[in-house]
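Down below is the structure, laid out as structure tokens.
Think of it as A, B, C and D in the order they're written, each chain with its own count starting at 1.
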Amino acid sequence: MSPTDTDTTPPLARLGRILRDNPIIPLIAFLLLLVVALEFMRPGIVMPIRAGREGLISSFWLGNLIKFAIPLAMLAACQVLTMLTAGIDLSVGVVATVAAFVCATLSSTLGVPQAVMIALATGFVVGLVNGFGVGIVRVHPLIMTLGTGLIATGCLQVYQRFTINTGTLIPPFLEWLGTGRTWGMPNGLFLFVPFAIFIIWLMRSTGFGRLLFALGSNEKAAKLSGVKSWQVLMALYALSGLIAALAGLLYLGMIRTPSLNLANPLLLPSVAAAVIGGTSIFGGRGSFAGAIIGALILRVIDTMLTLLQMPEGARTAMFGLIILAVTALYVRITGTK
Amino acid sequence: MTDTPLLDARGVAKSYGAVKALTGARLTVARGEIVALMGANGAGKSTFVKILTGAVRPDTGIITIAGRSARMGSPAQARRAGLVPVYQEPSLIPDLDVAANLRLCDTPVAAFVGWVADLGITGLRLTDLIADLPLATLRILDLARALASDPDVLLLDEMTAALPTDLVENVLRVVRARADLGMGVIYVSHRFTEISALCDRATVLRDGRTVGDLRIEPGVEDRAVELMLGEKIALGAREGAAISARTGTPRLAIRNLAAAPKLADVSFDLHAGEVLGVVALEGQGQDELFDVLAGFRKSTAGTLEIDGQPARFAHPSEAIAAGLTYVPGNRADALMAGRSVRENIALPFSARPRNWGPIKRKMERARTDDAIARLQIDTRAQGEVQRLSGGNQQKVTIGRWLATGVQTLLLFDPTRGIDVRTKRQIYPLVRELAEQGAAVLFYTSELAEVRLACDRAIVIFNGRVVDIIDAARADEPTLMRAAYGLTAAKGAA
Amino acid sequence: MTALIRKHAWVIGLAVLLALLLALTKLIQPNFGAPGLESLARSALPFAFATAAMAVVVIVGGIDLSVASMMAVCAVTAAVLMERMAGVPALMIVLAVGLAMGLVNGALIVLTRVPDIVVTLAMLFVWEGMALLILSSPGGSVAPWLSGATRGPFLIDGLPMALVIMALAIAIVWLPIRRSKLGLAIYATGSDPLAAFRSGVAVDRTKIIAYGICGLFCAMGGLSLAALTGIGEPVPGPYLMASVAAVVLGGVVLGGGKGGLLGSIIAVFILRIIRTILTLMAIDPNVTTIVEGVIMVGVVMLGTALTLRGARR
Amino acid sequence: DYTIGVSNTVQGNGWREEMICAMRAQALVEPDVTGLIVAHRNTDSAGQLEDLNNLIEAGVDAIVLNPSNPDALNSALEAAMAAGIVVVAVDAGVTAEGAYILSNNQEEYAYLGARWLFEQIGGAGDVVYMRGIAGVSADTDRHNGFRRALAEFPNVNVVHEVFTGWQQDQGKQQMFDFLATGIPFDGVWTSGIDNVIVDAFVESGAPLVPIVGADNAGFVGQLQSVEGLAGAAVTNPGSVGGAGIALAVDILNGNAPASNVVLVDPVLWDNTTEDGRATIAAAQNPDLDPEWPVSTQIPGWTDYTLEQIIACEGPA
């Protein structure tokens, strides 16, 4: 049994191994494939183009793709982190919405900095409640976060009644982040790039990240090693709530309308993005880089389907089939689950 | 009887990606024959057993049963062909009760109940949930279920590794009796005593290949070890470990400790520099004792002093903070299967919130590499601990505490499923730790180990310490008698 | 006897809770009687089937996020077919369609090796699209006898027909399975797939069948939707999250192998009657959402705390 | 003294919230109404049946509902009327015999806006058609109106048809995608997801085309303030809910109208005519939640003040 007889393996098997060890590669390849397909479908879309009857517009499709993928990827970060511990956070959509709504309505009365702080604090608080339920009472995360999501929705409904006539204000720096562009790229990247680096660093190079993997792999082993899982889970879900609130603020800047279910539709896609990116819902395995690619893939699929002329039913069905095909292919290539 | 063997497998190969688990394995079993399947950790024994019983598909290989070639597509198919295994891990469904587990395999209940009784398990009800039963009982139920289906060939993969001595004896007796009635047995174990007591013949695997067949006869051990390891290794006795002076404040002073349900009243002292063996039959309270000391369970009575300070743990982290580190008996409890060897070893480093920040890579690498080297962990498949063989996994669980530094080490059957060579590495290592000032509490289900690793041993029976025996006197018959409660109870030290 | 009580403690607790809530309803609204029970049973009908469907797959160790979509497909199929053909054959076809959808879900999970939650998340969209393709806006019609079947009492006053249908339909499908080796295999697979495989269970086949049963229950749920409304609506209703909540509340453990259908169905009634109570008390509907969330989380927290306490002892 | 029950199946969108608040405010100012029970959540027709049955159980005197579907609720509505409960459907119709209907004319809503748009682009050209939720009655009704207008303008061509799900973020993304494809178009018809569409044009720097939306505060503001935007808002007052309450009280008091059906016809406000601009200017309410329709009252029907609907308080 020779351990490293790499030299004798046929090239194809070697390629297989490389793909298996770097699962991000096939994902990126798939993303590029989709983009090429899109360019085929609508020649010129990927390149800067003109729109309307007359004249060029400054909009790059790529910029838009990235712009709308950012909040999705941020919410996917919540899923990746919680899934590492075999959890899930189904409250992120609601939390993002609440943060956006709270921020927009309070900005006009309390001032922007206070509003942003309060908005982030609401996310943090919901996260703490999730952490309490999951970490201390040991409720299944699916149920816990579903429940807090419901409660938060109700609270938002009650709250909005007091703000019907307060007017809304989108903080200018959020508008700048959400709608502005620098060199054709969305300003959201100024928030997102440091964020992504932070999350990847957190997962790979910190003790906290280690413990997330540990809890998902074998909670008993972690306990045996002296880990108090409730501490980790509290911190994790609070962090997740905070991230969701941050994503909500960014989304507010992008959409510029604080609607009562602004970010709710991002919930299922955020789960899908995490999973397409190779995160296991059973815990112990996951990558945020993958989730970012997953979010981009979802957005490209969205665009393709928006542009295809077909009945809405077929469009919806196609969306599902493509998600399934991508993940199945991914699982086949990487041999993971 | 004919000359065609009951089971004949040859040319069996299996690769997992780049790792070749089996390259050319061969094995025959005749009617009434008990064949030991031997090999160092990672030699491919378990893979072979899994292939023979349809749990793993081989890449190549020819299997014939009573002269007819057979294809093992699934465990169910193998079962129908008369090949019934007891795998190393319990294969009973945790959330079903005993009766439902039997129905699942169409096991005749009456026969099963008979075997359970014969194997020495009492008080089992068919309505008991599997998840509530202790590991040793599960192993016996697995065996009884296999026996009840009246197999032609029984395959036992280290089934005695987790069993206390009394149950091992029962297993050996029952298996021998069945073989005498014509059943073929493949017996995987790392314990020479069992193999020489039970088996007729041994097939030795090395690096996935069958390297020899040996008749079991006196003195065969050395030859077997040579074949297994491809090198000579002395099966010598323990290298002169001085019994340390037991003076001063003990590291661990335990007085009248009790924990429901089994631990009734235990008192003893454990000094720094000492390896104290714990000997007990199944379920005498040793599990509870270790659980209490490790912070997994609260004691119901009695006191525990560490270096003269009273202590009481609500969580393992408190025990660890007090210097008590624990290697559990079941390695599945201790390991993160999908993570790397390094991460598994380094896990305790980041346990406390103050260590949640950036990982100190250099320190971590130095300490884990040191632990890996000291235990000689085979790290070829280090990317995921689950790809290591059982023995190497076991070493990782010990390595974790070597890396953090050892004050008081609680070892619960640490050589379970470890091959001879590795055992020979572990005993000196334990002694060395003691000599460097650690205190070690060492429960073992293999009585011979007391002499090889310990200074003295306490014997627990019925939740009480019934004897304290110095290593010099700790031959197996003495220990056995004490473990059965056949000596008068003595007070603690 | 005590062992039996301990084993079913959760279900018994739920039943007691339901009885208390019914009493509370009567207290709030003294007129609450047979018609109230009937409408309660009717409104519980689609939820009960969705929950039964979800329970089966959760027991086998999976989860099916596409239950609501499958119900929508079945509802529109029923409404479209019953406009054109006799009710009974149409009903059979709908059941077959549900079964087939479930089997497809299961087969995809087994074949692709993609986790259940992901496959069914994708299939949620596929079946939803399918429902829209069958009927692009609400319409069709349902055989009058089917609509009528869920109304009124059965034999005696106060025993709602809808309840009887629900109990019969679920019992006819589930009890024989539960008693058979297939039932054991389902629980075994959910509890520990590797051990089940080694015990000779055809794990993959069991999984596919469990998803098939789930689809069958979804078909019943879709039929009940069509029966209640008299038409088919292609947009999935709020049955996914509700069924997950009821299943967990009912004592089925996410992850598989534990629990049963009875507790889950009782949980459905508990969740329904809470809504009735809140409406009767004229509670602000926004507060109602909060109360529902709190109750869901609170009961599960309480249950988890109790079982953990029990396990520690 | 009457207790009125309210049933609604969409939660969290500005239009429906305004409808509920209008109901509360109107119930508050009606002297005969002492109780209001509101069932207001996201659900389907079966869920609305449940709510209706619960309201019947609660012993209300009248039910005002926004039906999820015209045909699906008949069993409960008939049971209600058999129990002597007055039934008023607002916003959309129901087919139950004897129920009163006070409805925004959805078909007319779409027709009016579409016709204006097609005329605006000169009777020929390409338009983007942004619908609501696939498979929902209101969307189907509007689709019929849109098609009616389309039939009158054979030279108008729909280049993109898409469902926004009545969701702001989705609509905005879709518009960005359309702009990015470079396929030219001359006008946009929206089913009420309107202000984000204007934003998408402005943010991407694309030249504006005529846009039709609803009378939501945000869009109405844009019609006045966005440079170069030619657009029209079609009224679709959420306050129809308040009118429903008023109608129910009238019926309870024995003043039933002659016909069971009262259609509230929509009005179109464009910013391309002098009249339209004046109406739009008068309708401005910058403090109002941008998703709320600015037509917070229906003259002749509702009696509450702006403060009362904003307070959103009903009788205890």
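One rule holds for everything that comes next: a residue touches a chain if its C-beta (ideal position, glycine included) is under 8 Å from a C-beta of that chain, and two chains touch if they have at least 3 such contacts.
Quantities reported herein were computed from a predicted structural model and do not represent experimental measurements.
Chemist: Between A-D and A-B, name the chain pair that shares the greater number of C-beta pairs in contact.
Modeler: Between the two chain pairs, A-D has more contacting C-beta pairs.
Chemist: Can you name the chain that lies farthest from chain D, using the mean of each chain's Cα atoms as its centre?
Modeler: Looking at centroid distances, B is the chain farthest away.
Chemist: I'd like the Å distance between the centres of chain A and chain C, where a centre is the mean of that chain's Cα atoms.
Modeler: Distance between chain centres: 30 Å.
Chemist: Nearest whole angstrom, what separates the Cα centre of chain A from the Cα centre of chain B?
Modeler: Centres of chain A and chain B (C-alpha means) sit 44 Å apart.
Chemist: Find the geometric centre of each of chain C and chain D from their Cα atoms only, then give the gap between the two centres in Å, rounded to an integer.
Modeler: 34
Chemist: At which residue positions does chain A touch at least two other chains?
Modeler: In chain A, the residues touching two or more other chains are 153, 157, 161, 312-313, 316.
Chemist: Could you tell me which residues belong to chain C and also touch two or more other chains?
Modeler: Counting only residues that touch two or more other chains, chain C contributes 131-132, 136, 234, 284-286, 288-289.
Chemist: Taking each residue of chain D in turn, which ones touch at least two of the other chains?
Modeler: 11, 134
Chemist: I'd like to see which chains touch which, written out pair by pair.
Modeler: The list of touching pairs comes to A-B, A-C, A-D, B-C, C-D.
Chemist: Taking the touch rule as given, give the residues of chain C at its contact with chain B in the complex, in rising order.
Modeler: These residues of chain C touch chain B: 3, 181, 184-185, 187-188, 190-192, 194-202, 257-258.
Chemist: For the complex, which residues does chain B have touching chain A?
Modeler: 17-21, 23, 42, 207-208, 294, 296, 315-317, 319-321, 326, 328, 332-339, 343-344, 346-353, 355-359, 380, 400
Chemist: Which bits of chain A are touching chain B when the two form their complex?
Modeler: Result: residues 1-6, 9, 17, 205-208, 210-211, 213-214, 217-218, 220-228, 231, 235, 284-285 of chain A touch chain B.
Chemist: What does chain A use to touch chain D in their complex?
Modeler: Checking each residue of chain A against chain D gives 42, 44-45, 49-55, 57-61, 64, 68, 153, 156-157, 160-161, 163-168, 179, 251, 254-266, 302-303, 306-307, 309, 312-313, 316.
Chemist: In their complex, what parts of chain C are in touch with chain D?
Modeler: Residues in contact with chain D: 29, 31-32, 35-36, 39, 42-43, 46, 131-132, 135-139, 147, 151, 225, 228-231, 233-238, 272, 275-276, 279-280, 282, 284-286, 288-289.
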